[in-house]
Amino acid sequence: MNSLCEPDKKDLDMRLKKIEGQVRGIQRMIDEDKYCVDILTQINAVRGALKKVGLKILDRHTHGCVQRAIKNEEGDAIINELMDVLTKFTN
Amino acid sequence: MNSLCEPDKKDLDMRLKKIEGQVRGIQRMIDEDKYCVDILTQINAVRGALKKVGLKILDRHTHGCVQRAIKNEEGDAIINELMDVLTKFTN
Amino acid sequence: MNSLCEPDKKDLDMRLKKIEGQVRGIQRMIDEDKYCVDILTQINAVRGALKKVGLKILDRHTHGCVQRAIKNEEGDAIINELMDVLTKFTN
Amino acid sequence: MNSLCEPDKKDLDMRLKKIEGQVRGIQRMIDEDKYCVDILTQINAVRGALKKVGLKILDRHTHGCVQRAIKNEEGDAIINELMDVLTKFTN
């Protein structure tokens, strides 16, 4: 179980569908020999969009799962887990 | 025209197809109420894969288009353009 | 008041002193006309070191201040603040 | 020998002196038990400033050393070197 409510899920689903379309668009740009810098600009856009999705889920997770675990005296384990995933997120 | 030869294009196409599948996987994970941290781990994987695709195109562009432009005395404009896209890539 | 205990503070102080020395080293490299790529390698080292310091403080903050606030029913405000600083940290 | 002219060196020197002072400021903040989030905000500022210094040197290097090497038919080696340092810069 995660901490995403229905409106969150709808919003994320819409964002990910758009990202999926953009990834397909990048394949097409490569296929059609489009200019490298234009492909890179599109890659930057997708990376930014994915980061936003990640930050949104991180936010929901911290407000939800993490907060609940802390109130149940299980904070340290879930915070360690959060820090691990966050460290990778900053790479 | 870009600087991607056929083997490059095949390799990038394969990587982007995999990324597209991973993005769909993330949508499914959200839909099936999978644990936030597992979704975030998957998002980190896609971000890393996209970065590799970007670095690969950047490499081809610099070895190809940029090098050619410099030999044709048109280096400064293409380097400025490269720096702009690169600055966004580091965000 | 922050959430850093004495051993944390000693460790961070040692790291920051080293970073300060590295920054001075970069100034010297520029002054002595050292090769750009060697200067950039050194800049990468300092950026990595600073990131580690940031992640360490983030970890202490979450285990300490954030956990305390949540137990005192003041979780949402401190988590919003955490997310803001974290978003900037991922830039 | 690098590709930095005197005005570049002056500008970078000024920026690095400021960064050095900011790093000392962070040590002081830790020492004086300042709030974690304020320390993190300051760390973000220094990381941003260091990135700008890095991008500036990268720009000078590409316009200078890289361009010269390419004109001397030594482009591939210097571009590989550039890509290596750039890959680390994006971490």
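Each chain carries a letter (A, B, C and D) given by its place in the written order, and its residues are counted from 1.
Keep this in mind: a contact is a pair of C-beta atoms (placed from the backbone, for glycine too) under 8 Å apart; a residue touches a chain by one contact, two chains touch by 3 or more.
According to UniProt, the chain labels map to these proteins: A, B, C, D = Metal-sensing transcriptional repressor.
This structure is a prediction, so every number in the text was calculated from the model and none was measured.
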Worksheet item: Given the pairs B-D, A-B or A-C, which one repeats the contacts seen at C-D for over half of the pairs?
Response: A-B
Worksheet item: Just curious, how far off is chain D from chain B if you go by their C-alpha centres, in Å?
Response: 23
Discussion item. Can you work out the whole-Å distance between the CA centroids of chain A and chain B?
Written reply: 17
Discussion item. Rounded to a whole Å, what is the gap between the Cα centroids of chain B and chain C?
Written reply: 28
Item to complete: At least two other chains touched by the same residue of chain C: list those residues.
Response: 51, 58, 82, 89, 91
Worksheet item: Graph of touching chains, which shape: line, ring, star, complete, other?
Response: ring
Worksheet item: So in the complex, which bits of chain B are touching chain A?
Response: 1-4, 9, 12-13, 16-17, 19-20, 23-24, 26-27, 30-31, 33-37, 39-41, 43-44, 46-48, 50-51, 53-54, 57-58, 60-61, 64-65, 81-82, 85, 88-89, 91
Fill in: Touch list for chain B against partner chain D, complex
51, 55, 58-59, 62-63, 66-67, 70-71, 75-76, 79, 82-83, 86-87, 89-90
